[in-house]
Amino acid sequence: MLATPTSPNRAERMKDWTRHLPPMAILGPLLALLAASAFFATQADNFLSGQNFSLILQQVMVVGLLAIGQTLIILTAGIDLSCGMVMALGSIVMTKLATEMGLHPLLAMLLGIGATTAFGLLNGLLVTRIKLPPFIVTLGTMNIAFAITQIYSGAQTITDLPEAMTFLGDPIMILGTPVAGGVLVMLALYAMVWFALSHTAPGRHLYAVGNNREAARLTGISTERVLLTVYALAGTFYGIAALLSVARTGVGDPQAGQTENLDSITAVVLGGTSLFGGRGIIVGTLIGALIVGVFRNGLTLMGVSSVYQILITGILVILAVATDQLSHKRA
Amino acid sequence: ADQPVIGLITKTETNPFFVKMKEGATAAAKAQNVKLLTAAGKQDGDNAGQVTAIENMMAAGAKTILITPSDAKAIVPAIKKARDKGVMVIALDSPTDPLEAVDALFATDNYKAGALIGQYAKASLGGKPARIATLDLFPGHPVGAQRHNGFLKGFGLAANPATSNELSKPAEVVCMADSFGDQAKGQTAMENCLQKNPDINLVYTINEPAAAGAYKALKAAGKEKDVLIVSVDGGCQGVKDVAAGKIAATSQQYPLKMASMGVDAGVQYAKTGKKVAGYTDTGVTLIAGKVVPGVDSKDAQTGLNLCWGKK
Amino acid sequence: MQASPSTQPIVLQARGLVKRYGQVTALDGVDFELRAGEILAVIGDNGAGKSSLIKALSGALVPDEGEILMNGQPIHMKSPIDARRHGIETVYQDLAVAPAMTIAENLFLGREVFKPGALNKLFKVIDKRRMLAEAIERMNDLKVGIRSMTQAVETLSGGQRQCVAVARAAAFARHVVIMDEPTAALGVKEGNMVLELIRRVRDKGLPVILISHNMPHVFEIADRIHVQRLGRRAAILNPKVVSMSDTVAVMTGAMTADQLPREALC
Amino acid sequence: MLATPTSPNRAERMKDWTRHLPPMAILGPLLALLAASAFFATQADNFLSGQNFSLILQQVMVVGLLAIGQTLIILTAGIDLSCGMVMALGSIVMTKLATEMGLHPLLAMLLGIGATTAFGLLNGLLVTRIKLPPFIVTLGTMNIAFAITQIYSGAQTITDLPEAMTFLGDPIMILGTPVAGGVLVMLALYAMVWFALSHTAPGRHLYAVGNNREAARLTGISTERVLLTVYALAGTFYGIAALLSVARTGVGDPQAGQTENLDSITAVVLGGTSLFGGRGIIVGTLIGALIVGVFRNGLTLMGVSSVYQILITGILVILAVATDQLSHKRA
Amino acid sequence: MQASPSTQPIVLQARGLVKRYGQVTALDGVDFELRAGEILAVIGDNGAGKSSLIKALSGALVPDEGEILMNGQPIHMKSPIDARRHGIETVYQDLAVAPAMTIAENLFLGREVFKPGALNKLFKVIDKRRMLAEAIERMNDLKVGIRSMTQAVETLSGGQRQCVAVARAAAFARHVVIMDEPTAALGVKEGNMVLELIRRVRDKGLPVILISHNMPHVFEIADRIHVQRLGRRAAILNPKVVSMSDTVAVMTGAMTADQLPREALC
């Protein structure tokens, strides 16, 4: 209030209004992750080992990277259904250029990331210039990217890649545990994006755009540029995801990415980011991706068949978000 | 007179196996001057999409339809309607259930393909107790079940018959996971299986991409020498992997042959009105890196000559 | 404190602004002048084009015709950023705040303070601590006392939000502050405080444009009154001379400006 | 305005504000449908025949019916990702009960529809009671329904259905053209839903809830009940879709419905209904479904391969919505 | 026209209403009385609990404690539908209209007129023609003239929307009309028209509860003033006796009710 002796009553009332602060927001997902880990540790012998955790990290690195781009887009109140397919396109472009065209692997990798960035930019242009809902835009580009991937690759897996393209899949020993280089790339990118989102002006502008687009515009933020940048940047992350998926599997696979669309959204949502935009923390997404990875790994170790794994994933998604919702409920 | 119209309906147009099949059909059609229409389900298992495709091809005047049924049973009523209108329907690659629902079947027996690698694996292991991991397709897919169950049968274990879509799980199978026929998912599945059971010594995979993924996981764990991988399909990449010792053995199938036989039959029907009938096994060949006594197999070079895909 | 407004130089001027939405003509050739150091009230019926005028002056809307001059120089504003560059700050009718962000962040939204160092500048690394300190300082300058600058705006009452928006404009404006109905949702006490705040801004030497439907407020605080009607300026009135009822008459079209005594106009 | 001589200027200004009236809203999709039909008529010999149109209708009847439920949900500003899977569950329940349990076909059909309705109700309860976003809820129930379908059916297709279950797939001669009975059911349901939406109080309430939920609540509409009814009713339509899919294919197929989730959303969007709720006409959805059907049929008749069909569908979705958007743009 | 209000029977009464949001106490044991045929103004600072009180009286909010009586009988309202059944109509601060729907539809939202015939009743088939005719008639009754009843509400200006909301309440209320800041967004002319509308409603014999921050409006129209402060009733004032400044003093807590002359209270 203005500088008047506000009644203590009023002041007290205010206190509780204070929304859960950022660190609180990832508390839920973090607890879920720990609970799940504890559960599996008691159920499966081989779950609790540094090596298994490094394995899980490695298994989530591709989805984890896709989910960075997905988080950025969801923070602006958008959604991207095309991310997996765009990634597949990127992996085909880079592997095909490196093998059949004989380009230098590094150049091929850059061109592959360029292709996914271009696709992201296309999404962004359709969203900002023609003002189409992101759901529709990416529903369309999902099909387009898939078709181009198939046509360009002739539906053939691309093999015999140069060593330089797959070294990120090779393990590096850290504290006696082998960790894939790609995992380190993923963790580094999460740290960078976290810093950019919370400590730089463009990061804060992204939140503002997702929170109240018109207000952001009126305070002088170029919302179009923010959105375009976000979609293009998401495309870049999908390109890096393509790189990691190529490094991990050692091939360019035109069939990749088909389930990753929804997986990445699931990770973001489990990580506590709101689908309405403007609220969420990137680290939550990493935790969300890990939750999915831990469940898939743990359930397999327990010998649960895949149909039941799907069932459990479905229940998990609803339960996680419901718990979050109920705990946030004021009234 | 009019060009005869022949329709080819595959499960998808994104699986290399079916892409090759389509290429074979296209080539044969060109050679024989027939109009070839192609269509596919939107994804593996999309029966409704195949039904739609049958109807559209009939509307386009196709008198012969070649189809690789996504769902052996579910497609039958639609095929019956087509045949009632005088269309000759030939199943390629996979049978319908019942078999007689189509005029003819040019196919490999997936159950038998599984059985071959099962027998090979049994012989290779010698008397060693088997600890098996299976990297299957995805829930509910018939081909996934046929190959899996056939493999177990060939290995001498109790297994469901070819008609079942349920995967058997005898005690020797210590880990079962879905690979979706995809390399990345196959790798993840293998990693988790190894975590669960480090002393796995035999891996069955639904196809060669999954096998490649399994190999990568084994190699990362330093176990690629101790574990036998067997697979099904016989694509060129897979055969190369056999030659390289990554995959011990694979059952090779012949999509191009199926397709060209189908087109030939269609042309014959258009010209003479004579339908083909019955089951023609287009053959499965066991391609193996090492010969094991008691099991017939061909070497990788033979496989490479006959394989489909990019040679 | 303030000099007689009509002799002061013109700071911000608009000539013949036209804005059409489809066939709706929101601005129909409106003229406008703001003089140094004055509080200029803009009044008019609903739909008279007040908000549209103000949006044109603050870069939120590009007029179809007409020109805007600052200190006699024509300026072209294509977005609120341009207006801000010209030192024009605006409080919009539908408060432009990001509810999930903190008060300090909202204050500095779009004009963050970066940490020192070239690298930090390059990556636009924000200096949270300095922004917080500055936020408190600037709010204190204006005698706005909010308990914690790090609480989210959505936890504030309507009145407090209004204060944040007004304070933001007042704290950062260099040439002109524009306020579209800043007291509409406020209670008597809060309303008076915002009026006090507006006076304080004027006393800092900044001219203020104030849109309001609240006649008592307008007559209490304005130096001159711009009456908007059907997308044009109907008159400029002197609140010290003209009566409230005559003003309303001009506003609603019951009277024209010529019917008023000459000293009522300015 | 109040009863005063409002200036003619003001009155004139008003006119243009008048939004496109309902009939205008489906003009775009209708023109697109006609244009597509005209194009294919020139490109494929066999396209332009009553029999081919009856065929297209028959091919869209399942998606068309799912899209009715989807439209209702989208009109309330929701979305349903689970519809196809719920339909598959329904078709398994009804066929299994009729064959293995030997229930009377009619009873089995009713129980199947009951099962899908129950699933719809579950979605509705999660959306209204726990206030979860529909996207998350149906992402979860999609997995759950799929898993239950697989487990319950043992992944086996169910065949040898009693005649009474499939008669809706049989053709009825109308004006010398065979039309499947299911098509008539679909058309009848569209007519009924159109009437209910535009001429009954509950229909108008549905629009009000989608348009401004809080306002609807304050005017005394029980928004919870409206939403619950919509989700449950959508479930019922999915059940009827299951019935039609069983009738059409003659089997109970546990793999059904996987592509229909997005297909039904595509139909709704092509039909001009807004994803933000409150605006749209059910007939537009039918047109949207037909556009997809015409393209699939026409492209197949032209001999375009399915990868290119996917590409064209992707472009089509974006183009259709973009055209709509650009034509509506005022300013 | 109206009898002396304090002798009229009490129509709507509330005793000791409490409403907490988490630890925020919006209503802290408020009492309330509305008498037949009067216009009762409710005033108070932002956050004093005016809207919360009104929501409790209109069924939009269920109080944690306390009771509400209509004509002496306790009533329990769990939703706005219940309030409506008791003949209470409300105009909410954030106008409760569906923008994409027509004016006629908005007027009848939640109380559609059905076509005659049992079947039509069963399926709730609405009689669009009759609703349209009745809408025009009722709006004319209240001298609200809107050109076309079939245009979407989103095509109206803010003032026109307000009129629709007020007219809806006025047209359908049987016992009580509640209005939360009906003139806040309006210009002078439109504001006066809404005041006129309120008088006309009272003259139809319906008591009106009016929440407003606009003191001149309140003093112009109210028969009694309920002053809300910190979630309680601070006083009931007689606007014919008490001064505006004393009222504001009570409202802001600068003065208590006992410090006022007895005849100022009622």
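A, B, C, D and E are the chain letters, set down in written order, and residue numbers restart from 1 in every chain.
Here is the rule we go by: a residue touches a chain if its C-beta (ideal position, glycine included) is under 8 Å from a C-beta of that chain, and two chains touch if they have at least 3 such contacts.
Just so we're clear, the structure is a prediction, and the values are computed from it rather than from any experiment.
Looking at subunit A and subunit E, the chains in contact with each of them are C, D. Counting only chains that touch, the fewest steps needed to get from subunit B to subunit C is 2. Separation of subunit B from subunit D in touch steps, taking the shortest path, is 1.
Averaged C-alpha coordinates put the centre of subunit A at 35 Å from the centre of subunit B.
Computed centre separation for the pair subunit B/subunit E is 73 angstrom, with centres defined by C-alpha atoms.
Distance from the subunit A centre to the subunit C centre is 42 Å, each centre being the mean of its Cα atoms. Separation between the centroids of subunit D and subunit E, computed from CA atoms only, is 42 Å.
Among the residues of subunit B, those touching two or more other chains are numbered 13-14, 139. Under the contact definition stated at the top, the residues of subunit C that touch 2 or more other chains are 47, 159, 189-190. Taken residue by residue, subunit D touches two or more other chains at 17, 147, 150, 307, 310, whereas all remaining positions touch fewer.
Partner subunit E is touched in their complex by these residues of subunit D: 1-4, 11, 14, 17-19, 196, 199-202, 204-205, 207-208, 211-212, 214-222, 278-279. Interface of subunit C with subunit E (complex): residues 44-48, 157-159, 184-191, 213-216, 248, 251-252.
Note for the complex: subunit B touches subunit A at residues 13-16, 19, 136, 138-139, 175-178, 180-185, 187-189, 191-193, 195-196, 198, 209, 212-213, 216, 220, 237, 309-310. By the touch criterion given at the top, residues 44, 46, 49, 51-52, 55, 58-59, 62, 147, 150, 153-159, 166, 169, 245, 248-251, 253-256, 258-260, 296-297, 300-301, 303, 305-307, 310 of subunit D touch subunit B in their complex. Considering their complex, residues 79, 126, 130-133, 135-137, 139-144, 146-148, 150-151, 262, 265-266, 269, 275-276, 307-308, 310-311, 313-318, 321-322, 325-326 of subunit A touch subunit D.
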